[in-house]
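Chains here go by letter, A, B, C and D, matching the order in which they are written, and residues are numbered from 1 within each.
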């Protein structure tokens, strides 16, 4: 695919995902971390307008003078912005106007593609913008799921519940040898700056599971009073449990008919063989402690990744999100993409069932705070 | 008008007010106190379904089993409910479905009207429901204004800015004699329980202004550093000013082109002769202190109300919202209408430019916390 | 007594009250509202230094340049001050130094008394300062009780538990006639500015109890699930109950040996015939609702006060703390004594078992927020 | 030294450190993280009573039945405890009683030493208890400094300001080779469980400074508007700066006479050649970014530690505090010592001017949240 074809495909996918939405669904933001679909649609277009069109198209006229302010996420270099938790408070621009904005940006971008061979600087920004859009496509699913889950009517987004099963997998632990491993991206093509530089790490011998933890295994933890036994938890996690009155995973509820969970296809029964998901780092760690095991580090995960199946859950690691040796931020606004978040977060590896195709690789580093469970997170054990 | 005609007129008015809205506008709730239009439309229908249809129509089938939960505002007697600040987080039911709910309730109510002469118990509840709906019609304007004012695009609701002028009024202080006055409702027709019992109060001699404070007068207060001079303010108000960084009324902003304010017709210049509005009790008190005067009590206001023009601003009084002698709450859910709010609030008297016609009288007692300014509040001085 | 003798007596009393304290007890402040004894001792001296010595003694040298900052409570006119909840964080000045400060102020004040006849302006300030000190003597008991009650060792301050009994009182309701009553201070001698101006009020006929509510009566309310039945409570009170997990009065606890309470003499059994105390307005109101009665207004209380025994509990009234007609604040710092607190508080009438002798009268207006129970508050019912 | 001699020496040191305190100083706790001296004295005795005397002395009678509750810091296995921020609210036990408690514990421990050869299990616990006490000796200085710094009287603890100078050091960067290094404790004697297991890491080539950053260098950062330039800071750090209004290091203030700082010897001028201290990780990172450098990882630090002078400041590293490969917690209460804090904290290496003698080694891992600056923290740059 040419870059223009990629652009067309990925941009169209963002629109297609919204086809089953009502206008009302585009607006809801029940928490600071779950952006409304309307904002996601505007922000991904803003990225191209702000980073490319404004800089490289002579005499470019912005679609609207205030959209730079409205759709900035967190780029200080690009000026002030709407507060992160206020995105859902804005009824205007309307959904229709946001689609007009998308069309405008797409037209201008296509003109750029049509005119000449793109210089590599622009080409790199386009590819970054498309990878950025794919990240927001994943967030679209998880943010919408969070919003719908809080609605007493439990609306369904569609027919797919995203409850993958582990049923026929042979459980096993893969033995990995002690030694030096190369970590970080070295292929051709795109990667984020946080996957670089490729460098050597020394790993002690370890074992890592070939399968993800299931609902059934986690239910045993619950039934063994895992949420009440302090010895499995971090000190901060105990506070988090208490302040938020937590005794089960996000989206789970115990009803007269047994354990149920909210999914994008509505409420359904919890199947023990299904892969556990929407789990926080705090819970993952406590579960591993209860099992007498641990979570892998991100280096162990990457070193072993060719030996097991992955791609359905973002998998928590024990590693904190800090820069690789030789890490260098880009200059300007793009430099704010990753580096400034490298404190107090945990690395997740793999990809999830709602990760867009072509947007995963074994060196990919995702990261969230340890109390966050609204992504399709899962647990893989190590020892 | 028959009660059925009143019902039709008032219910229709709620719908008419929404004609210029986009679907998106029905959802926004930027603060716990400002409900989204969609919720207001559902809640006012819920009142009739819950208080009348469910109790008095044999075999009545509720429109939806969860609407009782979704559209309850604060009635503990009617069970659990959606948190007050979560009303804007619900994309479903859609606006269309809420209108279907309204139509359903209206049809059922009309059947009730058509069938027979209404017993007085039901009749009283209908009248209460209509007065309740009128209160929400006023809130529709003020809640929407609040939501729009926070949108950087400053949308206009319509062509009317609701900036009444005091220009040609002769300022004067009305002298009232010492003595016994009768306070509280004694007419025929409807009043709220908090306007009863009618009772005697003894008033010392006082004077009360025949006009409301203007923008120009308030600007003098600002320019005289009124917001910085602690001696005019309550101790709690000083904390409120500091924590919220307040130095001007809600909706005002100082720009390169002078003082401006957000109105329902968009941003416009502040006219000195216009009547000041969207002012809190804290500010009203401080302004009065600066003037060397005070606010009237609610009894002084009512005693003098026939001697001045009122109805454009809810006017803050010095009186706390507490029950009149002999006050009695109704039994059941209706008893929660007023009584349980009678602490820590201040009484406002009068009515405002967005109060529905027929919904004001001089014994009416409105009430808000002293830091609230999103109603069309104003200041009348006494001494 | 001459004013100098009064000065000596009242000042000495503040010191005598501290005799059974350990040095450590002088420092504790477990909440913003409960000042440590050391601060109280310093602040009451500061009042005389700041209001009198600095203004009226030529070439007066302050004891310490920073004490003006350290011991100011809330007087904005006298400059900046230590945050109210930081008073317990200061180990210096030591207790010994604070006593030296007291002695210094007393010596200087005595010089003033010795020299000449005091001008009335100074005399009035001395009397205000002594009444101020008496208020802090009462706070000494209630603040210390609060601090000790939170210590798992439950220290005793002394041998007196301050648990007065109602045992032999004949319960009765006093009938009061409708009509005009005079309210406010008119005697000779000292009163606070908030007791003025004396003015007429019109009261409807009412009845008021000749006795205070007992522990036994309140236990019936608890056993009748009074804390769980929403219909007795204000809306704000329900939130307060929930957020603070409240289901019994301050200092009460249910143990294997029955209901007990912390007192200044340590933990002891709750005696049903004893007068209930440490009760908030929220609880007083709910109790009255449960009884099918109400709290008196402050005007009813004052009008009837000669007909019943009072002085053991500060008694909650239904009246909000607002100025009397014709109320005027003094100019300067003294004007901050009362007026700026006249919002969001409830009036209490009477006096308590720890009110200093000579510091009570039937026109006295005490005031606290409705959620405050650490004073010796009680309930008298009206209907 | 025999273990009994060590016990006597270290225990006595805790008492000696308090010699210049007033009784009042033993109580102050201005923040949850800064425990009062009285509590530190009680808690270090509690450790021996709880972990050793209660378990290994037959028929041991605890000194006081409630001290187990009062002086527990964070051991869930040992039951409930006083809230961490309530330690300063307890006036009792008095300072005298806490010393009696210490004497009692010391006597009982000495009996244990006298009687027989200690079994290794007890011996290990004694050594842990002594290392624990040494940690609290360091905290004594830093907690007291924090408390005194908030007192407007700025009391001095003694004559030593702990402002070490870098004056005569030759600045240089030490070049370290790429390769495998062994990390973690392998000597004889005591180490904490978090220093194990010793394991191999692979380090890329790096350079590390032979000296710590000075006040003068940091002043350049401030003068270059370092606190205002977002590009140097983590996203969370920007929020921290804003919410706490931070624009300079803890204890620094700009006065008419230039930059000054609070020290344990009182307020004094900031000397440019002195080593910077009381700096947070957030500030350390931003400073390094401004310099175009970075902080070392804890592995780099340990690998290079023999090549530079250290021991005056705890030095922030880029490493998150997570377990070493093969890390194993002890069972029982002792297992709560370190492991449960291994999330959301950063590792510091080295030791500080107030670290007790004999309590430092190059494998020692200290850890704090990135916003904490009340320890004698410093910055060493790497590249």
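We take it that a contact is a pair of C-beta atoms (placed from the backbone, for glycine too) under 8 Å apart; a residue touches a chain by one contact, two chains touch by 3 or more.
Keep in mind that this is a model prediction, so the values were computed, not measured.
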item: Any chain in contact with chain B as well as chain C; value: none
item: Each chain counted as touching chain A and chain B at once; value: none
item: Centroid comparison with chain D (C-alpha atoms), farthest chain; value: B
item: Separation of chain B from chain D, taking each centre as the mean of its C-alpha atoms, in whole Å; value: 57
item: Geometric centre distance via CA averages, chain D-chain C, whole Å; value: 44
item: Separation of mean Cα positions, chain D and chain A [Å, integer]; value: 37
item: Chain D residues counted as touching two or more neighbouring chains; value: none
item: Topology of the chain contact graph, where touching chains are joined (line, ring, star, complete, other); value: ring
item: Residues of chain A touching chain B in the complex; value: 22-30, 38, 66, 69-70, 82, 86, 88-95, 147-148, 150-153, 155
item: For the chain A and chain D complex, residues of the former touching the latter; value: 74, 76-77, 180, 199-204, 206, 230-231, 233-238, 281-282, 285, 294, 318-320, 322-323, 325-326, 335-336, 340-344, 346, 370
